[in-house]
Every structure is written in structure tokens, then in C-alpha cells.
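Take a look at the structure below.
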Amino acid sequence: MPTKVMFLILKQLLEKPFTNPFPVKHAPKNVTELIEKVQKGEVQINPPVPVPEGFRGKLHYDPERCIGCRLCIMVCPADAMEWVPELKKIRHYVSRCMFCALCVDVCPGKKFPGEEKAVKALSMSEEFLLADYDKYSDNLIEEPPEAKEKGI
Amino acid sequence: MIEHLPALVIAIPLFGAFITPLFRKRYNLAALWAILISGLTLVLVLLLEYQVLTKGMMIYVFGADKPTLVLPSGYRVPIRIMFQVDGIGAFMAISAGLMSFVGAVYSYSHLQKETGLEKYYTLLLLLTAGILGMVLTGDLFNLFVFLEIASIAGSALVGFRNYRGEASEAGIKYLIVSSVASLMVLFAVGILYGQYGHLNLAYLSKQITFNPLDMIALGLLFTSFAMKCGSVPMHYWVPDAYTEVPSGINPPLLVSTYASLYALFRVSFTLFGKITIDMATVGWIMSILGVLTMFIGVTMALVQKDVKRLMSYHAISQTGYMLLGVGVGLTVFHDKQALIEFGRTAMAGGVFHIINHIIYKSLLLLTAGALFYVTGTRNLNEMGGLARKMPITTISFMVGAAAISGIPPFNGFASKFLIYEAVYKLNPLLAIFAMVTSILTLASFVKVFASAFLGPPLEKYEKVREVPKPMIVAMVILAALCVLFGLFPDFVLDKIVYPAVDALINFIQYQSWGGLA
Amino acid sequence: MSEVLNVEQVLEKLKNTLGDAMLSYEIREYTMGVKRQRKLYEIWAEIDKDAFRKAVETIFAIDYPHLHFITGEDTGGEVIKMIYSFGIFHTRPWGEISITLKFDLPKSNLILPTITDLMMGAETNEREIREMLGVEFDGLKNKRHLFLPDDWPEGKYPWRRDEYGVEDMIKHTHKSVKEIRKERGESG
Amino acid sequence: MGKLDNFKRSLWVFHASGGSCNACDIEIVAALTPRYDVERFGIKLVGSPRHADVLLVTGAIPRDFADKLRRVYEQMPEPKAVVVVGNCGTSGGVFYDSYNIAGPIDEIIPVDVYVPGCPPRPEAIIDAVVKAWLKVEKLEKKLEGKEE
Amino acid sequence: MTPETIFYSVAFPLLGVFLGLVYKGIDRRISARLTSRIGPPIRQPFWDVGKLLLKETIVPKNAIAWLFNAMPILAFASSLTLLLYIPFGVLKAPLEGYGDLVVILYLLTLQSLAMAIGGFASGSPFSSVGAQREMVLMMSYEMPLATVIVGFALIYRSFSLTTIASTPVWSIVSPLAAFGVLLLFVALLTVTPAELAKLPFDIAEAETEIAEGMLAEYSGRNLALFYLSDAVRGFAMAAIEVVLFFPFTLSSILGLSLTGFALYAVEALWFLLKVLIIYLLAVTLVRTSFGRFKIDQASRIFWVHVNLVALLGLALIWVGV
Amino acid sequence: MAKSTYYIPVGPIHPALKEPIRVEAEVEGEKIVKVDVKRGFAHRGIEYMGMKRNAIQTLYLSERICGICSISHPYAFVITAEKALGIEAPPRAQYIRTIIAELERIHSHILWLGVIAHEMGFDTLLFWTWKGREKVLDLLEFITGNRINYSMYMIGGARRDLKEKHIRAIKDAIDYYWKFTEHMKEIFLSDPVYKARTRNVAKVSKDIALKLNLVGPIARAAGIRMDVRQDMPYDAYADIDVRAVVPQDIVGEVYGDAYDVTMVRIYEIEQSLDIIEYCVDNLPEGKILAIPNYVALLAKIRRTKGEAIGAHEAPRGEVIHYLKFDGRDGPSVWKVIAPSYNNINSWGPLLIGAEVADIPIVVAYIDPCMCCNDRVAVVKTKDGNELGYTEIRKKCLEKTEKIRRELK
């Protein structure tokens, strides 16, 4: 019984697949080797679907710019910011964040001498490939470097 | 000695039956006695078959100086009662001997809780004797007498558990059906006797002219035997009887049913064998009845919830295969070429199916009995998860179910395959129906299997154990036969089935008492 | 279909049937639209709790309503403020009039008549309120828990702000990495 | 050829969701659809935990769901892995101070890979697959090391 | 049994398993392409099986262990036996003469049956519903299947597949009967997805309805066996269709006069190609372009529509032969 | 079949339900004779949490009620809050909000079509529709910065403006979807299997729909002309005369079954396209936030007392919020009614007498939003297999340790 779907799929058979073959087309035999090769530049990885401008990826925190106003903590819906009283800075947990960028909106930031405008301490990066074995890994926590060193 | 075999085969169980009541209250002894007697009978019928195979048809004339003397000096007509054992008769006798033995073994522990067992075993042996008489006799009136014996013993057994209302009712039903059938037989016998003045089958078959009265006689015989073998549309008594009878009796009772089928074949092939014109019609009627029987039987079975009742409907359905196989043979009985091409095969299928069916259906009914034995119910909805408790019963059931559904390599396949292979040549629809029935049968048995044996364990059957040894032995014997017959069908076909079929086909030989006259 | 009334007429009907039981009432209007501004009307009424059933029946008599929600507020005092909101004349463009009934239900006698006999679908709402606030509905057939498990402890009602509340059941899932690092011995 | 080679290239996934907002769940489904097509890695969504190699969990796991999740995890045959998709499963996320959350998931069953995001893009889920492969390879190396 | 037969009996099943998996791989790849995806590599089924063999095999507490474990073996064994009855190109079937279409019918049934019993034996409600559906479905499609078989028996006056394969059916029937054969082909094509438990008749394994149905409780080695028997069955079914309806040899079409090994090789490849085409048509295309029917709808389709087609075909053949 | 009744638990983890809910069905053969729906496996107590947080946090919490139509709850929330606080969003923001909501409707309806096809094993259609859906997701990501959970709304406006490039992308997508919808109509409404599986399945009459308080496409498929965008318009809908899409207007007759729902949804996509076109063409100029400073906003909330009811027509039906501000920077009472809250009412009556195979369709056809639904806590008394749990917990900790060491 030929149906419309049949025509549809036959047409699709002739078209190029819609799939974006990120990162490689099929499962590689050995990923470790593959990654080494990629690092050496021998193999190219297919990029993911590009993110648009204004994409809300992992939050980037620049402690230098932070004035410790705690506005970000006030608005954060996910309690992703932790106040570090010893440093009067904050610590951000990527694994708690809901990527709403409210904190970015409210952050006043700091103006360094010679700059025209204050630059926010918080910004949204384009990084979104965040899978990790440990939710407390360094990659998933944004904090002033000394916070980790001193264990505060 | 050997020449007295046919008489001994009847005499031993009869003798056994009369002795059994002496074991009042000592039921175990009675059971052992019955096992002994039926075992002996089994040995005798096997010997009988051997004789028939090697020496040809056996004749035994009661009261004659020499048992083989059919026509004592000067007579042109046989006057004495005689047994005439040909292939098909011996074939049926084997079934009977085997099944009463198995039934007796099974009953040993199955019925321990009942009372009045000496009567039970008496009846069992009587039933055996009746069946054997029916299939061995060469005399029409004698056939009637043995039919009566088997019927009465049968109905008493059906009603054996008379403390159950259903059992008594089923017994009475069985008795009524049997009496009606017997009356019709008697009437037919009367018609024939009135016309030809003789009762000897072989002699009658030579004389028959097929005048209107004969036609009536044929009709009466056909109807009554069809009724007794549970063909549609007169199948209503079967489920009741099979369900209510103690499971140990199921095997011989099955044989007694097929003894009627035998009688039907005997009448159609031998008695009216030389009537060339209308045999095709009778054959067609038989085939169509067969298809209807198998189809109606199986559809009725699909909706049953009582295990034994369900299996009884399958028994009806399976009878259809036999009718179909033999019916197709009968249809082309007088078309030599077609007979050789497929008629004989079809008949072989039908006849082979008789013994196969007796074996696996007995097996199934015995497993049903085992289920009843441990659960105290026949309602499928109340059973479940028994496979882990009763592995041997489970396997026996699986073998039986596979066999009845015609799955290779079990015996059901062997005979059904012959039927498929031959039947489509007469009419393809017949084969399709036969195949579909098999599948429906399969579905139905999977259902039984699933609800009784599979599924999560039920609390109330926590303490259930496998059934006692004798029951297991009985089941295992039959299961083994299912497999053996399925694996080596050629042996069975050569040794007992084709001789039986040829006996039906070569009615001339029967008419001449094996050439003795 | 019943006759379409405007908001004043609806209010009039309510006033007529309830009489003194109508403690206070108000028609709120909201202007919607940028290019073509038009108005929407809502009736907010405070009633006596004994007149509740009558009020609902009146609404059903005007038009088969759409039940917006049933809720209640426990302000921590002696009463629970019940709020019933219905919409009538929905299915008509700009026509839906929302009627909100508010009344105080004393905690000493948290019993209300059901409205499931008038509207089957209200069962969900009533069962929710029953388990959330502990309000019994007289005539509610299915009293099994809706959201809460069947073995929910007696006398715990999540929306209550008194001793029947669930304040003690809160779990804060976030842990500071400070402790984690200490546990793992990663930092000094 | 490593012992777990076949395992790596044929991951069958069972998806359990409890107390998620569904965004992660639909991104998981999206990962199956033509744009991302994880089937090209041999990944298949299966309907029974008995067939699964990987348990994908989303959501903050309400208290009475925790039991179910544990049961599903136990039903899976070894070797198996757990991947948590989304921040509310990873840490509780926005639902951090509810009185009804048994999560985060790692307090209920052991987790192998986390996929932060709210919701993560389908590619991030694929990235998690790559991370899982790496983990399997590490395990493989260790097994080989032992055998020698 | 000659040594040759024994050799075939070992080699054929191995080859069959291999081909079954390859065809499954191709099927998945093409199906992916039909839906605009890249799809898994063709070797994927091998990895799947390897993976399953590596996994723990769990027997659920509620299951009846011995039956539960026996059924996958039965299914696999029967699918392997099935292969032994199929003539492979011009090669004769190892078991030719030992059985034929009817046996094949039963072997096909046996696999569904093993799955159903396994499902019942797992003691899970999903599996039981799945198994029940399988039984209902089986009852429904068996009649058209039987009709097809009887139809062929009518033409060849034999059930033997080798006899059937030796002469193309189209060359020995009248035009009327040829039309009948065509109808039988249509019926058989419709039965194929049901027989293989593929869409639109994968009712017994409906993932979204009853959690993979009969197989819900299976894992590890047992699941691998079912997986393999499913693969083999797919190949075998397509092969049977080729043997029944398109037994044309390449040499007869092109008039080649090959002998010996070359003949076998060429014909074997040709046969594989034909099987692939049928496989893609009857399985891949159909399963990709349909949704799942409900069990009663499927039942009705087979009992009424497909049966009518098949019986009409049979009638035409009967008249035409 | 032999056992006359089986007991089939569906869920809470079940392939048909990516979301947890438990339907316990007693089945005779294939017929369902008794149903019991157990909700509560997705309770996160959001309303409760919202009553403790500030309004901005609560607004974003409301976005996580549901990720499928992630903008619906924020939309209802901002409308309610604006009504209660007396804030009026700038016209441009109103139009932008409407555009986002309608884009979301497109993605959500296509999602539903794919899902219901998937429920009947029709994965081809799932793949095809979702392939088409990627376009609107890309567009939404382009506009808002994320594929799902757009974080676009704010009390008193919207957070991101539409630029020229966005408008171009929207127009492009609209063209694409006019064609795609046409295809969908052809394929869904003509496919024999699809029709066989949906026609007369999950059938509700108009009367029953009213009595069960059903909302959204299901109510409309039953012939009730209800649509918040028409009955109580807000934002840009107030300028457009939106009319409820009902089957009687499309084909002249009403079955109220899953097939009609399909039809309604497909035609609503077209309606959405019309609305977006109008909004894009008539987009007012101006600012997008009434109070751009969040701190000031929170301060205003703290100062204001008020209550209001607000509704938005989500893809699945009406979302109603009730908010009461009482001197805190967050709501003191927050009540959320999601469409599925009402629509799940239909499962009981619909499932009885249906077949097992229909469960997923009945369940999926209302497109349940358990997340919206289970707003309430479920706490179990402490018993059960505590031991098993501790063991797992131990294993889990050991494993963490191991992994951590391995990865060093």
C-alpha cells in the first residue's frame, strides 16, 4: 500500500542526511587515540551545530572585576553562587546553574583605570560541552584561584 | 496356543474383570491386579499384531472344532460367531491394550483418595474387553454386544465420582447417547438381518445390494458411529464425558471412542465397500464432517477455562483430522489412480492419526489429571506458576501440546503431515483448514501452558510437589511414545499403519475371510 | 446556551441571590492591547462561607463555567482564606468574565460542600486542596490522595503555615565544595 | 581488540525521568532525531532496563521516585553505566530547597558521567557519550594491565 | 548423510548467521537513510551481539528459570534449522528431502512460539501481554501463510522447496494462475513483517506500549540469542520469498554457461542480491513507512483482507493450473 | 486468554512516559477494565519554593515547571504579576513576548505530533517532524540564547530585543513552516495507519469535556471554542482577533478524538504563523523593559500589595497563575494551574474500555505535563529498604573515590 510517507522517505533516501556528524561520523575504535590524533592535528573533528551570538553557555567569572556586591546571589534562581566571605568574592557552580544570565544582567563589574566603562565580572561564554565525571571538577567551578588553594 | 490368541485377548481382561471385585477394600491389590491384567493383555495384542503382520488375517471361530474353520463342512455361510482380525483390527487392539495399561498404572496413585475402587478396576477391564471385542469381531451383532459392554462400562466410569452432580449427569448423558447409538445400530443390524438373514460382516458385505433399505441401514450405522466417535454435529456428549471421567480412564475411553470410528470405517469400507457409485459421496460427507469437526472443535476449545473440557474439545477437533484423512481416501476409493497417488496416503494419515491422537491426547489428559491432583481445580484461571514445581508434568505437557499442534518432530506432525500432503490434492481448502486448525490448536495450548505452568508462583500452591511415581511413569511412557513415533514414523507406518490401511482397502480379502473360504 | 450578560448584570444576579452574605465586591477592569485597546472585566467578591454553595449554584445558573482554580491561603492565623475562581462566558471573544469568590474558613471547622456534583472535573482541585490544606469536602467521593502517597503522615499539610506545615521536611541539596574538598583531602 | 570494545560501540540506553522539567528529556529525544542521530554510534533507546547498558537519568528525583530509580538500576545487567543529564539531576539545580527532593541522583545511585546544562544541548549529550567511551577505555586498559 | 551434507549443515548456519547480521546492518543503515539520518555502521549488529554476550544474564525472580533459559536456545536452534531447508542459489539445501514448506511453516512458527513461551515464562505482566499478542497475531497470519503454501503445492504437486526452486513458478503456469501467484506474493509480503515482528506488526514488542513486550525480561546471552534468531529469521524469510517467487538463475537469464565453482559463486552472489532486494522492500521500506497497528486491527487485516487476497490467488491458481 | 485479568502498571518509569506518572490498569485480554492514575512522581514543590523566593527567582523557577513550553508559565506569571503590581510592559516587549510564545507553540505542536507518532511506533514521522522542528529551535536559540528554556521574560517586559537579523530569520522560518505545515497536513491526515490508530481513540464529547474542565487543543477538538487568546486577550493578542481553532470550522464535523486533536494542532501552527507575521510586521518601536533595573523592580514589588489572576494559552491549553503580593519581594501566595492538571482528568473515563495499545495514545494525546502538575511534595514515611539504600550509597561513595583516583 503506497502511502505518502513512503514517497516522503524515498525522497529522503536520495537527499543528503540531515545529520551533523559531530564529533565523528561513527563510533571510533579507540577514542583515546583519536583524541591524541586530533591534538596532533592529524584528524579533524566535525564541529557541533554552531552556537549563535548571545548564546548562554557556561558562565565565566572574572574575580578581578568582582566588587563583591552580591547582586548576583540575590537574583540567582538556582542558588548557583556561593559567597566566599574570606575573599569577599563569589564562587559559581556550573553544575547548579540554570543558564538564565540574570546574574550577568545585574552584575555591575568594575572599571579599571584607563577604561571607559565598567566591565562585568560575569559573562556568558559559548562553551557548552561540559560533560564531566565529577560535578565538582575544576572545570565546573568558577572561583577566585586562591579560593581553591587555600581551601576556602 | 497361538491360534487361540484372539479369544485370549478378550478372555483375559474379562477374567480379570470378574476377579477384581474380590479385592474389596484392598484397593492397592486391585490396582496391581488391574495393571497385571492389562499388561498381560498388552503383551497379547502385541503378539496378535505380530501374527497378523507375518501370517496375515487371523480368523477365530468360536465353538468350532478348529478355530480357523469358517465354513464347517457343507455350509456356504458362516453360522458361528467368529473373530476376524485384520490389520486395522489389530491396530486398534494395540491402542486399546496400551491405553488400558497406561490408564491402570496412572490410576494406581491418581485415585488413592476414592472409594469403591474394586468396581472401578472391574469396569476398566470390562471397558477394555468391550473395546477389544468391538475391534476384533467379525460379526455385526457381536459388534453391537461389545459396543454395549463398552458403553455401559464407559458410562459407569464417567459417573464414577457419583458424589459429584456433574459426574452423574455426564454419566447419564453418556449412557443416553450410547443407548441411542446402540439402538440405531441394533435397528440397522435388524434391517440387514431381515434382508440377508446373516450377521457375519464379511458374508454380508458380499451380499449387499444397496437397495433403499440398505441405504437406511448405512445411514443409521453411519450416524450412530459418527455420534459415538464425537463427530460434529453430535459431539456434545464428549466434553462432559471426558471432563468428568477420572483421568486414568481417559486413555481407554478415548480408545473406545475411536473404536466407534473404527466401526465407522469398517462399515464404510468393508460392509459397503463394493458399492462403487455412492462411496465418493460418503467420502465427501466424511471429509466435510471432518473439516467441520476440527474447526468447530478448536474454536470451542479456544474459549474454555476448564483444562479437561478444553482438551476434550481438542479431542473433537482432532477426530476431524482422522475423518478427513480417511474420508479423502474413501472419496477416491474407487479411483485406483488417485487412490495410489494420494488416497492411500491420506488414509494412512488418518489412521496413523488415530493412534497418535490416542497417545498424545491421553498424555495431555493425564497431565490435566496431574494438575487436578495437585491443585484440586480444573479452572485454568486459578492455576499458575506450576512449572517450577512439577518439571516432569510440565515437560510431558509440552510434548503433548507440541504433538497435538503438529510441531515436528513429534508424532502429531508425522500423521498431520501425511494428511496435508495428500488432502490438498483433493481440494486445497481442506489442507488450509487442516493447517489453520493446527495453529489454532497451538495457540490454545500455549494459553493453557501459560496459565497453568507459567507466570509468577502462586502462594496457595507453595507446597505443591510433583505427582507420585506411577502417574509420572504413565505420562513418561506416553511422552516417550510421542517422541518415538515422531522420530521414526516410517517404522510405525510400515509396521502397523499401512497394514491397517491396506486391510481397509483390500476389503475383498476380508470378504473371503482371508482366503480361507 | 444561556443568555449572555454583561459584567454588571452578572454582579447584580450575584448580589440578588446572596444578599447580605455578599460582604464586599468589586469589578476590576483591565485594559489590554496596544493598537486597539479594549477592556476585560473581573468580579472579585468576598462572601460569607455559609453562602458559598449558593454562590456557586448561582454562577452555574448563569453559564456553565470553567473552573480556573481553587486555592487557599494560610496566613498563619485562625482562618484559611479560600479562593475559588471561575470563568463564565468563555468561548466568546473578549467575553470571559472571571468571578473570584473569597471567604474565610475557620481552622476549627474546615469543611466545605463539594462542587463535584456540578462539575466532575473539580475533583482534582478538591482532592488537591484536601491534602494540601486539610480542608474536608462534604460529598467528595474519591478521597484518595492525589499527589501525596497513600502513606502520607496524618496531619501534615504542605501549604499550611502553622504547626501542620512541612517546614521540617525541607532538604537543601546544595553542598559547598569547601566541605567536599576537605572530605577528599584536596586542600589544606 | 579490547574486551569492552563491543560494549563501547553498542550502548543501549534506558531513560528514566523524575522531577525534571522535561526540557532535558526532550533534548535526549532530540539527540535521537536526524539532526544529531546518536544511532550512528550504535546507541539505541530501549524500553526495558534489562536490555540497557546505560541509564540516562534526568530530574531532581522526588522522594518517592528514588526507590523506583534504585530498582531500575538494580534491574540492569552488568556492566552498566549511569549518565545524569541536566543540572537539576546533578545537583538539585533550581529545585535546591524543596521538601520533596531525594536527589541529587548521585546520592541515590552511582553516577559515571554528568552532563551539566539546563538543558544541555544534544551535542553536549553526545559529548557525554565520548566521555563515557574514554572511561570505558580507561577501564579496559586497567583490565589488560591486570591480565598481563 | 554424506560428509558433504554434514559440512553444509555446519557451514550454512554459520553463513546464515553472518548474513542475517549483515542484512540487519544494511536494514538499519538504509532505514536511517530513509529518515534522513546517517545511521549506524553496517557492522553494528555484530557489535550489538558481542556486547550482549558480554553482559550479565539475569533471570528474574518470578521467572521459571529452565524454561526462560531454554526458549532463546529453541528459537535460535529453530532459526538455524530453518536455514538448512533453503536452497542457496543453485546449491541444494542440506536438508532437502527431509522436509519442505510445511516444515518451514512450523519452524517459523516455532520461533514466535519460543518467544511467546519465553515471555510467559518471565513472569512479568508486560511479557505476558506481549506473548498474548504474539499468539493472537500468529493465529491471524498463519492462514494466509498456509494458503500460500498450499497454492504452491497445487502448482508443483509437491511441498518440496527444491522442486519449487528448480523451475520458476511463472514459467509453468497459465496467465490466470500467474496472476494468482502474484496475489500470493502480495499476501506473503504482508505476512512478512508480522512473521518477523517488524512494524507495522511489531505489536508484541511495542516499546512504547508494553516495554518491549515478550523480551522485556531478557538480558545478556539470552537476549543475544533472540537477537540472532531474529536476524537469521529475517534473512531466511526473504530467502524463502526469493526461492518461491524469483528463483531465476543468472545463468538462465544471461545465458551464461558457467560450471563448477564459478557457477556456484556467481549464483550465490546473485541470490544474495535478490534476497537483499526483497529484504529491503518487504522489511526495511515497510517498517519505515508505517506505524504500528493495534492488535485487533492487525488481526482484522490478516483475517479479512490478506486472507481474501490469498484465497483469491489460490482460486485463480486452482482454476488456472 | 486464560487469565482473565492482568494488572499492568504503566510507569512511573515506562517508555511511553518520558515523564513519571503511574497508571495502573486492570486488563481483561486487551481491554482495560479498571484504571487508577497516580500522580505525584514529579512533585518538586515549586509553588512552595516560589512562596519563599523573590519574584525574579520565582519567575525563573516557573520556567522550570515545564521545559517543553518553557515560556508558558513565565508568560502567565509576568501577566499576573503585571496585573497585580500595576506595571505595564512596553508595547514592543508585548509583541516580542507574543512572538516567542507563538514560536514556542510551533515547536511544541510539532513535538507533540512527533511524539504521538512515536507512541504508535511510527518513528519515521517522529524523525521527520523533529527534523522540521530543529529550524524553530535554531531560531529560538538565535533570538534568546538557548534552544529550550529561553529566559526571555521579565516582569514588565522582555530581556532581549529583536534586531533586524532576528526579524529576517523569523521571516525565513515562517516561509519554511508554511510549507512544512502543508506537508504535515498531507501526511498526518492521510496516512492510513495514523488514522486507524487515532480515529475514535481517546474520544471526548463536548459535554464531557466541559464537565471534566478540559482545556486547550483537546477541548477545542471536542468542539468547544475556548482559547485564552480569544476569551481574555493580552499583549499582542489583544490587537489580533485570534479565534479558537475547532474541527467544525475545518471539516465541519467533530469527533473529539485523537485524530481531531492532530488536526487542531496542525491548524494552530498555521494560526501561529499568521500571528507571528502580524507581530513582526507591526512591531512597535520603543524600549523593552518597564523597569530595567532588577533591584528597583524588586524594591517596587516589596512596596506593592496586590493580587491578580493571569492566564496564557500554552500549546497544551490554558495556564493560570494566581499571585498575591503582600509586602515581600516575592509572592506570598502563588497558585499554578497547568493544562495537564485538568486534562489528566480525562484519562480515567477515556481509558476504561480502551485497549492496552491505546494507553500511550490516550496518555500522549493530552501531551501531559507532569512537571506542571505535580507541584506538591511527596514524603514517604521512613521505612522500606533502608539497608539496600545504605549499601548503594556506600558503593556510590566508593565509586566516586575510585573514579577520582583514576582520573588523577
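When the chains are written out, they are named A, B, C, D, E and F in that same order, and each has its own residue count from 1.
In the analysis below, a residue touches a chain if its C-beta (ideal position, glycine included) is under 8 Å from a C-beta of that chain, and two chains touch if they have at least 3 such contacts.
Just so we're clear, the structure is a prediction, and the values are computed from it rather than from any experiment.
Asker: What is the graph distance from subunit D to subunit F, where chains are linked when they touch?
Answerer: 1
Asker: Determine the set of chains touching subunit C that also touch subunit D.
Answerer: Shared contacts of subunit C and subunit D: A, F.
Asker: From subunit D, which chain is the farthest off, judged by mean CA positions?
Answerer: B
Asker: Per-chain C-alpha centres versus the global one: which chain is nearest?
Answerer: E
Asker: Please identify which chain has its centre, taken as the mean of its CA atoms, farthest from the centre of subunit E.
Answerer: The chain farthest from subunit E, judged by C-alpha centres, is C.
Asker: Please work out the Cα centroid separation of subunit A and subunit D, and write it as a whole number of Å.
Answerer: From the centre of subunit A to the centre of subunit D is 20 Å.
Asker: State, to the nearest whole Å, the distance from the C-alpha centre of subunit A to the C-alpha centre of subunit C.
Answerer: Chain centroid spacing, subunit A to subunit C, equals 41 Å.
Asker: I'd like to verify one number: the distance from the centre of subunit E to the centre of subunit F, where each centre is the average of its C-alpha atoms, in whole angstrom.
Answerer: Measuring from centre to centre gives 43 Å for this pair.
Asker: In whole angstrom, what separates the CA-based centres of subunit A and subunit E?
Answerer: Subunit A and subunit E have C-alpha centres separated by 50 Å.
Asker: Which subunit E residues touch at least two other chains?
Answerer: Residues 32, 34-41, 126, 128, 135, 207-208, 211-212, 288-290 of subunit E each touch two or more of the other chains.
Asker: Hunt down the residues of subunit A that sit against at least two other chains at once, touch-wise.
Answerer: 3, 5, 9, 12, 17-19, 21, 25-27, 49, 77-79, 93, 96, 98-99, 133-134
Asker: Which subunit D residues reach two or more other chains?
Answerer: Within subunit D, the residues that touch at least two other chains are 5, 9, 33-35, 37, 40-42, 47, 60, 64, 91-101, 106, 112, 118, 121.
Asker: Using the touch rule from the top, collect the residues of subunit E that touch subunit F in their complex.
Answerer: 34-37, 125-126, 128-129, 132-133, 135, 199-200, 202-203, 206-212, 288-297
Asker: Any idea which subunit E residues touch subunit B in the complex?
Answerer: 62, 64-67, 99, 102-103, 105-106, 109-110, 113, 116-117, 120-121, 123, 128, 131, 135-136, 138-139, 142-143, 146-147, 149-151, 153-154, 157, 159, 314, 318
Asker: Quick one: in the complex, what on subunit D touches subunit A?
Answerer: Touch list, subunit D to subunit A: 5, 8-9, 34-37, 40-42, 87, 90-94, 96-97, 106, 112-118, 120-121, 123-128, 130-131, 133-135, 137.
Asker: Please name which positions on subunit B make contact with subunit E in the complex.
Answerer: 385, 387-388, 391, 394, 406-408, 413, 417, 420-421, 424-425, 428-429, 431-432, 435-436, 439-440, 442-443, 446-447, 449-450, 453-457
Asker: Across the complex, what residues on subunit A touch subunit E?
Answerer: Listed in rising order, the residues of subunit A that touch subunit E are 3, 5-6, 9-10, 12-13, 15, 17-19, 21, 25-27.
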